Amino acid sequence: MESSHQYAFYLGCIAPNRYPGSESASIRTAKKLGIELLPLKGASCCPAPGAFGSIDLNVWYAMAARNLVLAEQMGKDIALICNGCYKSIWEVNHKLKKNAELRKMVNEVLKEIDMEYKGTIDVFHLAELLYDPEICGLQKIKDSVTTPLKGAKIAVHYGCHLMKPRKERHFGTTEHPYWVEEMVAALGAEPVEYRNKMQCCGAGGGVRGYDIVHSLDITNEKLINIMEVKADAVTDLCPFCQLQFDRGQIEIEEKFGVKYNLPVLHYCELLGLAQGMTPQELALDLHGISCEPFLEKVL
Amino acid sequence: MAKVKGYPEALENKLRDRRFYGEDTNPEFTKTVKKISDTIAHMCYQCGTCTASCPSAPRSSYRIRKFMRRAVLGFENEALTDPDLWLCTTCYSCTDRCPRDIAPTDVIMAMRNLAFKRDIIPVNFLKTVQAIYTTGHGVPNNDVNRTARKKLGMAADPPTTHSYPEFIPGIQKILDYFKLKANADRIVKEREG
Amino acid sequence: MSDEWKPKILGMVCNWCSYAGADLAGSARTQYPPDIRIVRVMCTGRLDMLFVLKAFADGADGVLVSGCHFGDCHYLEGNYKAAKRMFMVKSLLKNIGLEDKRFRMTFVSASEGVKWAKVVEDVVNVVKSYGPNPIAGFAANK
Amino acid sequence: MAEKKVTKKDAAQKTAKKDAGIAPNMAKEEKKPRIGVFICHCGTNIAGSMSITDVQEYAKTLGDVAFADNYQYMCSTPGQKKIEDAIKEHNLTGIVVAACSPRLHEPTFRTATKEGGLNPFRFEMANIREQNSWVHMHDSEGATSKAKDAIRIAVAKAALLQDLIPKSVPVEPTAMVVGAGVAGMQAALDLAAAGIKTYLIEQEPSIGGRMSQLDKTFPTLDCSQCILTPKMVDVGRSKNIELMTYSNVDSVEGYIGNFDVTIRKKARGVLTPDEAEARGFVGGGCNGCGDCDAVCPVIKPNNFEVGMKPRKAIYINHPQVVPLIYTIDFESCVKCGLCVTACGDKKAIDLEMQDELIKVKVGTAILATGYDIFPIEKKEEWGYKKYENVISSLEFERLICASGPTGGHLVRPSDGVTPKKIAFLLCAGSRDNTGVGKPYCSRFCCMYSLKHAHQIIEKIPGAQPYLFYMDIRSFGKMYEEFYYRIQDEGAKFIRGRVANILEDPETKNLKVYADDTLLDRPMELEVDLVVLASAVEPAADTNRTRKLFGVSCSMDGWLLEAHPKLNPCGTTTAGVFLAGVCQGPKDIPDTVASAEGAASAASIPIHMGEVELEPYFAMCIEDKCAGCGMCVKLCPYSALDLIEKDGRTVMQVTEAKCKGCGTCGGFCPGGAIWMQHFTTPQIVAQIDAFLVGGEQ
């Protein structure tokens, strides 16, 4: 197979520390598709855009810049699997590149730890790399599938911080996107459209911590819309959204007395299954909501 | 300034003077918000597209349009002391649809930054800071997860600050540069003793 | 303020687009620095390269030539012809060792008052960053 | 040659004298220039931002200045009188007025100069308002010194100005109107009524434009067709109007009074009776019987019905078309020949017809190219073209129109059911600064949406219109009253812009999300049909057409008028005028008014019989001309030729063709071209005056 594309794999917090399956899935599935994800040693929290952005944007810039510099020192572009991380790492990189004044401020701070942001690398979400025909593309994904997820209806949750604000980003429409559905279809599953697909999961902006009931009520609205179309599972591109949907369902049951048992899987976990990884290898048992009904359907 | 009527407290609250007084507005506030948010916060024409796009609005009294209005008129205190300020999930739907090409989400973030300067901040935001200060992670690893990772044939800890704690002092330096940890500890202490 | 150095900038603009654009900036009260003096011609096509070179020889710190957008010339293609010549001016300036950015050709339409103000501001800033024209007075002394 | 001398202080004058000497056809300057300088306060417009006295005192110190004065309003009668008197009193040779822009008052002061007994071209203006006091309002010092320089520069030019005699040219007594919508038709009818032969050019097969697609018109509610059809018929009948449909302007040459326009008559495949007769089929040609239509096997969407009704490859848009002549859409015609057979003896159909180029000469022209609907699907949040029951306002007009695809029964595209709850979205794509929509107000959407609301209340028992608005702009005569009436009839007005629309996959109903900003509550409203009051934009072909006529456009693409307030129908190209929406969004009353204005403006030169051209011609200084011929290639109007004269090759200018751009003069390597009123010595003198003149 052709020369593999190498990236510094930025993990963030929730993937490695709550859903390790998605971490190993990303590394192994990507390898099969010619993308090599190398550990980004010493990376920290991106930091959480909601929390840090709300407290002091300058701290947010500086902290994210530190992670960027680690990758600059590796001389590799960053790949990541979390929308929240994407907002911090991609957006700060983008801002620092075009705003000299900001870059000056940040480098003032980084001097304290003998680091300097140079703006030499780019940042990508693994999903966009997989979709990009230059790097991988739908066909390669199809070809890598050994156990197609036949007969599974899957609802896609895009999340917010990957594609919005549209003007800053490069993903085109944020009203009726379909590219992730295409990636789901490539795994042999059936993507299903549902009402208000682009609505937020409810966790962001520190709201999950500030007013859990409020944030869960938003999640609940989405779950209702997804259940309406009888989806077997919901897939996401963001461990934080995943946490909100997965652990959130348990909290929703406790607090609102409604039960859905809707399996929630990161796209990398779906890809892993389709490429023949076992549920054990994906640590699906760590999910709050059992993925078994879904697994029975597809395996 | 709203007039204090000198009634007994209960009545004073019930009959609070709710008029819009010019003195309650601060033109500087509009400018500062513009500067921090890097968006034309003063250009809002109150069409309501933001509120109608907002996932929080239908389930609360949070009205981003109101915050935009406060930004335009410079109602600093009213904006920064309103607990609804913290109900924005930063989903950016308003930003994508705003016909005036304003980024209301970033206006909210700017106001939150200004609120923090007055120690107005929900504790959970500060807990994240504390966690990162000590571990480098907002959501740190735990034993259940460590065993799970091992089962997957991975290192118990990810190759982040968890496996390379020597990077943590650097992170602490950055946070201390902004006195963030100190302030966080102080405020948490005040709230929770 | 008067002790601060004021650059001498010559603007040669066409009657139909840029001069009208400058007028629009006026009626819209769009403020910009007063360091430019305007000579109006019907079309930038009228401008001889020598006019620009002469201005520098006479000690201009900067020269701005502004016409219609391509395809919008009131005389069909005068601005193309001008652009061609002014391009040569730039290389000439380089050759005689004068910062070629002291000279600029822009295209400002009759409806672009704001753009006009912006252009003048840019030119003034650029010229200020270079300081006085090094060959100024060279003419006078001879 | 100029640059060799400029190193001398008085370079300018010297060069001038020399050139004047060697150019025999140019008046020689003998006596020393005596310039009068007049500074205008323009109330406080100028006086408020600079010291008039300083400027005047400075003017007095200038070498050639014989007299300096100032006045509150120089453009006023007493102001002009000052100029006239001063010329006589101080026997001045040139006048400089420092005031507003020459684009505004140059004509005024030239007249005054003339009244004073000088040649009007011995006047030069220094712009110290638009390009000084108004743009340096808070820098009195800067403004004052800029004004001094401006006057010094103007005086330097005035000193070298010469007597010029404007050239009068005869005006072709015919006019042209491009676009036969209501604006174009009105303009053409007015010109025709004024006895002027007028070519009316329309790119569509029939006339009537957007207005003919409308059902009713606000606020009077009279039926659009009823008031338009008579005009269409008049246009068809008028002896003075030569109607050319299915045609567009191919090229334009010449200048006011003498435009040579080439019109491309697109091959329509069908002969009019006249054309048939010309080909010898007397009594033949299309009579609109429609036999061809009946047999044509090709089916295409009818654009006039916004694609909601089929048409054949040979078609008319609707039964009332003027002219009643069929047209073949050769894009889709399969040339099966069935129509030819059906047409029979009339011999009206020619499947091999080719485009025809027709040359006409006109004195003046009016552009009335109208507008298109902004492609509102670009605002994805409203799902136009994604959700079947989200339609545009123009589609609504056709659906509610008795002659429309549904015979005037408003139905939902998804299931043909009559909608009861209908949402109207105002400012759909207007007042939008995102770069996707249009930043301007489209101006007539508020009122036609009110009309739409009225129409459904009237036609559909129990129907409920909801109008989502930001501001209702009911600015016209009887408009606010109309607003009152519609609210009284039961329309619900919701002050909030719709954020997005979601479709119910089963019922195809639409959920409309907005913020009732007055109630301060977000709302979800389920409706049967959504009508988008889409923004308007300049018609597709506008940009090409305007360039042919040398007309500029503003940043939003609408054609640019000579002056927004004082000359809204004129353009910067003499003899070319604007009518209707091509100049900016207008409702029907405003459109017709502007059309009549344009017609009147366009008729003036024709009635005058001749126009004066500014005498800014190029001239050849034959002693200097090397006959290289570089300039000949440069001239965009082929006004220059090389001729043999006294055994030498020299260049010669055809004044009638020369428009005075000076492109030749800007290039001539030998400085042998003399651009009247913008001569090399004059421009050099201006440059010197600014840069070295200071120390003089």
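Chains: A, B, C and D, in written order; residue numbering restarts at 1 for each.
Quick note on the criterion: a contact is a pair of C-beta atoms (placed from the backbone, for glycine too) under 8 Å apart; a residue touches a chain by one contact, two chains touch by 3 or more.
No experiment lies behind these values; they were computed from the predicted model shown.
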Closest chain to the protein's overall Cα mean, using per-chain Cα means, please. D
How many angstrom lie between the CA centroids of chain B and chain D, rounded to a whole number? 51
Which integer distance in Å separates the CA centroid of chain B from that of chain C? 49
Taking each chain's mean CA coordinate, chain A and chain B are separated, in whole Å, by 23
Which chain A residues touch at least two other chains? 167, 175
Expected list for chain D, residues touching two or more other chains, is 381, 434, 500
Of all residues in chain C, the ones touching two or more other chains: none
Who touches whom among the chains? A-B, A-D, B-D, C-D
Residues of chain B touching chain D in the complex: 45-54, 57-58, 63, 65-66, 93, 97-101
Where on chain D is chain A touching in the complex? 380-381, 383, 386, 434, 500, 502, 505
Within their complex, state which residues of chain D touch chain B. 381, 427, 431-435, 437, 470, 495-500, 513-517, 520, 522-523
State the interface residues of chain C toward chain D in the complex, per the touch definition above. 1-2, 6, 8, 10, 15-17, 19-20, 22-23, 25-27, 29-35, 37-43, 45-48, 50-51, 53-55, 57-60, 68, 71-72, 74-78, 81-82, 85, 109-112, 117, 139-140, 142
Which bits of chain D are touching chain C when the two form their complex? 2-3, 6-7, 101-104, 127, 129-132, 134-139, 141-143, 145-146, 149-150, 153, 547, 550, 552-555, 560, 572-573, 616, 634, 636-637, 659-663, 665-667, 675, 678, 680, 683-684, 686-688, 690-692, 695
